[in-house]
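Letters are used for the chains, namely A, B, C and D, taken in the order the chains are written, and counting of residues starts over at 1 for each.
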Amino acid sequence: MTTSDYGRVFSALREGCGDEWNAYTHHDFVERLGDGSLPIASFEHYLIQDYVFLIHFARAWSLGVIKAETLDEMKICASTVDALINHEMSLHVKTCAARGIDEAALFAAREEVANLAYTRYVMDAGLQGDFLDLIAALAPCCFGYGEIGLRLAGAEARSTHYADWIDTYAGDEYQRVMISIGEMFDAAVFRRLGPDFQTSPRWARLQTRFTTATELEVGFWEMGLRGA
Amino acid sequence: MTTSDYGRVFSALREGCGDEWNAYTHHDFVERLGDGSLPIASFEHYLIQDYVFLIHFARAWSLGVIKAETLDEMKICASTVDALINHEMSLHVKTCAARGIDEAALFAAREEVANLAYTRYVMDAGLQGDFLDLIAALAPCCFGYGEIGLRLAGAEARSTHYADWIDTYAGDEYQRVMISIGEMFDAAVFRRLGPDFQTSPRWARLQTRFTTATELEVGFWEMGLRGA
Amino acid sequence: MTTSDYGRVFSALREGCGDEWNAYTHHDFVERLGDGSLPIASFEHYLIQDYVFLIHFARAWSLGVIKAETLDEMKICASTVDALINHEMSLHVKTCAARGIDEAALFAAREEVANLAYTRYVMDAGLQGDFLDLIAALAPCCFGYGEIGLRLAGAEARSTHYADWIDTYAGDEYQRVMISIGEMFDAAVFRRLGPDFQTSPRWARLQTRFTTATELEVGFWEMGLRGA
Amino acid sequence: MTTSDYGRVFSALREGCGDEWNAYTHHDFVERLGDGSLPIASFEHYLIQDYVFLIHFARAWSLGVIKAETLDEMKICASTVDALINHEMSLHVKTCAARGIDEAALFAAREEVANLAYTRYVMDAGLQGDFLDLIAALAPCCFGYGEIGLRLAGAEARSTHYADWIDTYAGDEYQRVMISIGEMFDAAVFRRLGPDFQTSPRWARLQTRFTTATELEVGFWEMGLRGA
């Protein structure tokens, strides 16, 4: 995989993001997921917070259905909401259940500030701006996890400790969804900003949305490590 | 079926709605759907507008995912969005395709005022109020179509002209979804207003939401007839 | 005054709107306001509905504060909300009070469909799109009333029957506010679409927002006449 | 002043908040504002972040105009937006200008996570719930600053270092606004939950909104201190 598999717009935003993208996708939390050295307590803490994250992330994708202007945009957003609530969250539920934490407890978990800040920022990006502002803020999580999953899955010295997590994001299903989101994002940007989207006066703001969400991802990993 | 199959809250709102409920569910448009005397031009006009309606109705159910407070509320709303976009709308697409109208044309159809008024009212009910305000405004369409479908399907002198339409709403799949929405609505009201919900100071406003949406349904049928 | 006093963007949208703009600003209701032949019952009916309209119009301008990206955009929107609630509505309250209708009755007036359709459309334009989508839908009412006021105030054979209404919209205060909204709208469009805004891929949609709101204005006058 | 000056609902929420209320209103940052020992760099850092906070706080109060159900609720919210944008923020602008920081720089200041988390949480509380959910999340900042201002202004060993800040919040204008917000909040709660509002099934959630916002206030002071 190259990053361009997720589309031209994502490639441009990823590059415009600078070092921050690396700080997120190669964060210590990520590296230790890959080599298996991440304490299980950190992982569990992360997983509980991430469940709450997904609740609000699904709410933000629902805002995408509201803000969509084409049938294709609506369909992708609606499918993503469904996939998040009925599929991605089940990994969390299953893993946590095995450790004696049930879904009601997950749903009621106390949300940390780093977590709350991230999802509410995305939500408000959508409320304040248009469909592009929303997708630009949703993109770092979606595509970043896709990149991380693929990289860790392809690593030579791969640990099996967190194989379930890695396989979820490296897996065909997740990757296919990301590719279709990337295509939809490209089409949405072309439709509103034209093919030379980077010359649009709006580009700087979309980049800011993307970069801020990426920084909030870094804060999320930090929170995961602190939980240990 | 009795109306109480869709839950206690719906029964109370339906009763509080008075004659307006009957004006909606026994509208001339409905009766003529049942006896087959509805001009095909009226039906087609209705179907095209209803397609546009479903687009915005799906947007309003997406607002339900955003406003939900429990996992069950989220799941029901997310499933309904998915069912609307990926299933109910396909009846419209299929029927219209048989008449040479493709989905792009449907999506771009000029929305009439009676149509626009209805869905934007529901949307704004959700923006202004909480989850209950939204569901109260969504309820007449959902449950009313369920009632109409069952009644027409059970009629003695049943015409086969509009059997596809009738079967869609009388069918097990639609009815099952309505029952689960009814259960969710009951639980949502109990959770926020308590078991004696009709004594809550908020009840009158929820009734107004439901009644206004019912009136807008009457206007929608009128629009259908005018289209002839 | 020429229409360009309200800015370049408004001029472009007004022109792009075609005959619909004339249908709105020279509607029979308007002409009869000018020559004094409008039945008082029609005017009263209009005034009551317009009071309810202003409630929701103020809500839509509040959405402008939420969607603004610059301090200037925020300030103009916040001032407009304040002007609507604390000034423009007082004309309605005063006029209605003289006819024995108090403000509580106005606030509780039954909203007609043509009224509801309009304001909820504007609101949803803002929820679905960005600041420009919202302002494009708010513009026809603001600037159209300014144009109508000036034209009627300058008419040779001017009746004094509805002088208060005409003076409100022809008056310096209202005109000054419109000019500042026009400047803000120009700046908002330049900021997001650039100086050649009409070549932006988004222009067609903004034009649709403006044109649809103009059509809904025509429906509003029709409602006024029907009330007679 | 006693806390009940801001109304019965606030008193109940304040009590239900437990130690967290004290952690906020007697935070080290506050105490050092009072005795003048707060480093000027901390104060400046706080002031810049607080300017950005007020931008988003005004956006959240604008959401109040959208969610209001009575004319009085609308008027109070609209006045508060106006007061925030055109008055309270001018203290910040004036103070910062004296230190060579202009308003454009303030508007563009980089928002810290503790800041962003707070205002977006309030915004989303309004989007997810109804008017009460929003006001419950807005209340701790409003009334807490009122309490802090009065207490510091009345302190025996009062420093004059931060007198402008203290006088703003202890002053009659701010206090009068708080009293009217408190009355509006009481009326809004009585209207929706009845006079025995604490027995409503919704009360626990409103308390959570209030308590979470209070915790986010503590985080805001921490951020202020860190800035030193």
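Keep in mind that, in the parts below, a residue touches a chain if its C-beta (ideal position, glycine included) is under 8 Å from a C-beta of that chain, and two chains touch if they have at least 3 such contacts.
Not measured: the values here are computed from a predicted model.
Novice: Suppose you list every residue number at the subunit A-subunit D interface; are over half of them used by both chains (same) or under half (different)?
Specialist: Same; most numbers are used by both subunit A and subunit D.
Novice: Tell me which chain's centre, taken as the mean of its C-alpha atoms, is farthest from subunit C.
Specialist: A
Novice: With chain centres defined as C-alpha means, what is the inter-centre distance between subunit C and subunit D in Å?
Specialist: 34
Novice: Could you tell me the distance, in whole angstrom, between the mean C-alpha positions of subunit A and subunit D?
Specialist: Taking the average C-alpha coordinate of subunit A and of subunit D, the gap between them is 32 Å.
Novice: Just the number, please: Cα centre separation of subunit A and subunit C in whole Å.
Specialist: Whole-Å distance between the two chain centres: 42.
Novice: Which residues does subunit D have that touch at least 2 chains other than itself?
Specialist: 59, 66, 123, 127-128 - these are the residues of subunit D that touch more than one other chain.
Novice: List the residues on subunit B that touch subunit D in their complex, please.
Specialist: That would be residues 66-67, 69, 127-131, 133, 190-194, 200-202, 205 of subunit B.
Novice: Across the complex, what residues on subunit A touch subunit B?
Specialist: Of all residues in subunit A, those touching subunit B are 55, 58-59, 62-63, 65-66, 70-71, 74-75, 77-79, 81-82, 85-86, 103, 107, 123.
Novice: Report the residues of subunit D in contact with subunit A in the complex, numbered from low to high.
Specialist: Within the complex, subunit D contacts subunit A at residues 59, 113-114, 116-117, 120-121, 123-124, 127-128, 216, 219.
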